[in-house]
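Chain nomenclature is as follows: A, B and C, assigned in order of appearance, with residue numbering initiated at 1 for each chain independently.
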Amino acid sequence: MYANRAAGTAYVLPFIFGLAAFTLFPFVASLLLSFSDYQLQDPVSTASFVGVENYGAMFADRTFQKSLGVTFLYVFVTVPLKLAFALFIAWVLNFRLRGIGFFRTAYYLPSILGGSVAIAVVWRYVFAGDGLLNQAFEVFGAAPANWLGEPGYAMFSIVLLRLWQFGSAMVIFLAGLQAIPEDLYEAARLDGASPWRMFTSVTLPLLTPIIFFNFIMQVVQAFQEFNGPYIITGGGPLKSTYLLPLMIYEETFKYFNVGYASALSWFLFVIVALFTAVAFWSSRYWVFYAQERGEGK
Amino acid sequence: MNVAVLASRATPPATGTTGEGRRTLQLVLRYGVLIGVGLLMLYPLLWMVGAAFKPNREIFDSIGFWPQSPTLEGFVEGWRTGTEHTFGTYLLNTFEIIVPKVIVTVISSVVVAFGFARFRVPGRRVLFALLIATVLLPKSVLLIPQYLMFRELGWLDTFLPLYVPAAFATEGFFVFMIVQFMRSVPLEMEEAAVIDGCNSLQVLLYVVVPVIMPAIISVALFQFMWSMNDFLQPLIYLSSVEKYPVSLALKLAIDVTEATSWNQVLAMSTIAVLPSIVLFYAAQKYFVEGITVGSVKG
Amino acid sequence: MPPTVPDAGRGGLGLQGIAKRFGPTTVVEGVDLTVAPGEFAVIVGPSGCGKSTLLRLVAGLEAPSAGRIVIGGRDVTGVPPAKRGMAMVFQSYALYPHMSVAQNMGFGLKIQGLPKAEIATRVARAARILQLETLLERKPRALSGGQRQRVAIGRAIVRDPEIFLFDEPLSNLDAALRGQMRVEIARLHAELGATMIYVTHDQVEAMTLATTIVVLNAGRVEQVGAPLALYQRPANLFVAGFLGAPRMNFLPGRLTSQPAGTLSITVGAATVRVPRAEGPRAGTSATLGVRPEHFALVEPDGGVLRGTVTLVERLGSESLVYVRAQDGVAELASLTLRLEGDARAARGDMVGLAFDPARCHLFGEDGVAVGHPPSQEGSSARASVRGVV
């Protein structure tokens, strides 16, 4: 520790400034805007206070209800699936196989590229009417589907895109799995535990901090998904993939309803905050922080 | 103990009497799963690259990824793009955004992290908690006011909104990661430097930064990757096509007409992901180490 | 507290009224100390006694809550570490992993702005003294523990300091290397003639390396003096029990009447007359201290005390005999005896314990020594400094 507090404050100053200017101020401004009727093309001074009118309109808006619904659907489907799959593959990999590095790289790569437009573009082709997936179906004798045209199927395409990026969560799980000492498994084996038993009684409990971390990160990210819906499906068909971030974007830059869009964005924030808060509160009951091995600290 | 010795370290529990056979079965199953999933995972990428070398017609004819009549037509035409700029312009734009962004991210993250890690800054705990909170904050709630703010500043249609915020350590995850690494630097080493006559900045530059260089490289790599994929930010801030980075240019390509020349689009997509792939393979260990320290030990 | 800190000249250290508090906890209190130039002062004490803190105060890595620090006649209490004229060798060596040995040693000089030629000369000289010449281009990770330590020392030497500070430098080494490095450090002191302040918890290092020992306990100085002086004339129970291994044996007793020139202490059923000029009055409790090497085994009824042997450890050159001394049926104390060669005793033997009262130490109720054994010349003080390893 250095004694010079002034120097320390100087080092942290950029962050304080950035926090104030790019986070705190917009955060509060967003709330204020949500109480206004501001239209994007006008100067800000024309905005006037309208109380909770935007929020009222929001709850009555059928588009919003639909958007909220599909957003929840998206999050509740992708997050558990992605985590489960990531954990499964991490467990399969954690067998001291040769080539573990290669597989880890292969799985991780999509998650780096997956958020890119390039991949979204590829995805759009894959699910197009005459695209890759339908061609594959024909080869195997199944009937092609109108993936991007049918309300029911479009969601499938963006869900799959997110699942395809399970690599980042997997790598973290893998690190966590490898941090569990062998002795615990051996002790369990001497006690006669079956592989499944070992997984539930040794692996899972020690992994809970990482599951918790991954869970929170995935939920927060899922609620912010924009690229997929925008590029692949455009929010359709019939708003079946009109996730909230997309709605916020369109309300702002297409319909210029800044006040309304701000209300939407604040509502989204509240939902995510609630989720996070509940997750943290519940973590007391199911997250088990083991001591660092060998150390009393 | 002896049981442990008998069982090879590589074997997690094999119950049942035939240890050997059981293990082989496990191996086969595991490799099977891994290869199967791996193929499924990589096929879209493989296919994309293959399609880039196909003439447009062939793309719709088969699902195999190997081109039957390979051609560079996709690349040549795609490079020209349908606009008055070549793809090269868009690539250049991308780098004009990313390079400053990565540089200022690294500098600001290291400086701020040093303040958090080694100084008793007043209000440190609160600030640090806020730092972590920003990682969990949905950015969509900040989007509109930020846009309005930059509009007031006259920064619309410039690259400034895309990298200036990064100069203020706004990416909490990076600061957090570097703080963890800095804490693992033995304090005695920094004290030795103090005794050698260094002020805190000299300790940072001569001792701390060289020691945590792997972490710094990780930060740079991650920021590079994430920025390459950045779509929403350029979308709302850039209006001139000549300033478009690759992400916007690709979207433009599939917007243009219904009869998209997919081989061209996919060729350009291939080029777009190339830097990330190359960088990733070259610096793999930094990636993995970076996220694991940031998350497992976080 | 002395009115002024004596100016001990270049290389002298003076601490006056030094205290260090961290919030409500007091780590160091009321320390007054003078170290003359060229001395090898070892600050020794159990873990947590504040010795490292004291060293860091001298180094300037911590600021004292009270008191003054004087180095070479200069008051350096508020002066930053780099300008105090001292150099420090850390317990973990604290070498810069990304720099070569030569760069590690020259770093401080580079920061000071010395010309390259000068830096090279000084580094070469230090390398010669420490036999590091062939290792100058290596990085620390390519060095052994002992080599790293020498680089750490080299880094200190190039600064040409008035005082060297050592913070438990041998703790990270294995036993064999430790002995070797101890000799190296002693040789270094002889060759350089510089003042060295050395912190350790190992009393063996203290006894062998020091010209003066400072015994620290719970932040306070218990006693300061030459090693043998402290060994033969400890000021209190703590110092008596800290220096010397196996530890001095303590027998609880009570002072009785005092024929002139002696103090009588009843220990159990026995009465021991210890030659002392004066002391506390009769009736007060006291402790008799007898070093393990001052005992002799005799017939059960032929000694001052009797007891049962519980364990015998034979090391070849000597034996350690553990005896449970008895007062009638009750246990009086557990004693450790050090006898030359192969002791003729076995577990379970009833034995008598004899010793020369003139060699005994006596400590009053408050733990403070009551006088000292008359000084001994010759074979008597087989002052065992080598601990039982």
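Observations on the structure shown:
Going forward, contacts are C-beta pairs under 8 Å (C-beta built on N, C-alpha and C of every residue); 3 or more make two chains touch, one makes a residue touch a chain.
All values derive from a computational prediction rather than experimental measurement.
Greatest Cα centroid separation from chain A: this falls to C.
Chain-level centrality, scored on Cα centres against the all-protein Cα centre, points to B.
Distance between chain B and chain C, defined via averaged C-alpha coordinates, is recorded as 56 Å.
Rounded to a whole number, the gap between the C-alpha centres of chain A and chain C is 61 angstrom.
Rounded to a whole number, the gap between the C-alpha centres of chain A and chain B is 16 angstrom. Multi-chain contact residues of chain C (touching two or more other chains): none found. Partner chain A is touched in their complex by these residues of chain B: 3-4, 7, 9-10, 12-15, 26-27, 30-31, 33-34, 37-38, 41-42, 44-45, 47-48, 60, 62-63, 108, 111-112, 114-116, 118-122, 124, 127, 130-131, 134, 136-149, 152, 165, 167-170, 175, 187, 200-201, 225-226, 228-229, 231-232, 236, 246-248, 250-251, 253-254, 262, 265-266, 268-270, 272-273, 276-277, 280-281, 284, 287-288, 291-292, 295-296, 298.
Of all residues in chain A, only 1-2, 4-5, 7-12, 14-19, 21-23, 25-27, 29-30, 33, 44, 89, 92-97, 101, 103-110, 112-113, 115-119, 121-126, 130, 132, 135-136, 139, 164, 167-168, 171-172, 175-176, 179, 182-183, 185-186, 188-190, 193-195, 198, 210, 213-214, 216-217, 220, 223-224, 226-227, 230-231, 244-245, 248-249, 252-253, 258, 261-262, 265-266, 268-269, 272, 276 touch chain B in the complex they form. The residues of chain B lying in touch with chain C in their complex are 186, 188-189, 191-198, 202, 206-207, 210-211, 213. The touching residues of chain C, when paired with chain B in their complex, are 59-61, 80-83, 86-88, 90-92, 94-98, 107-108, 111-112, 155.
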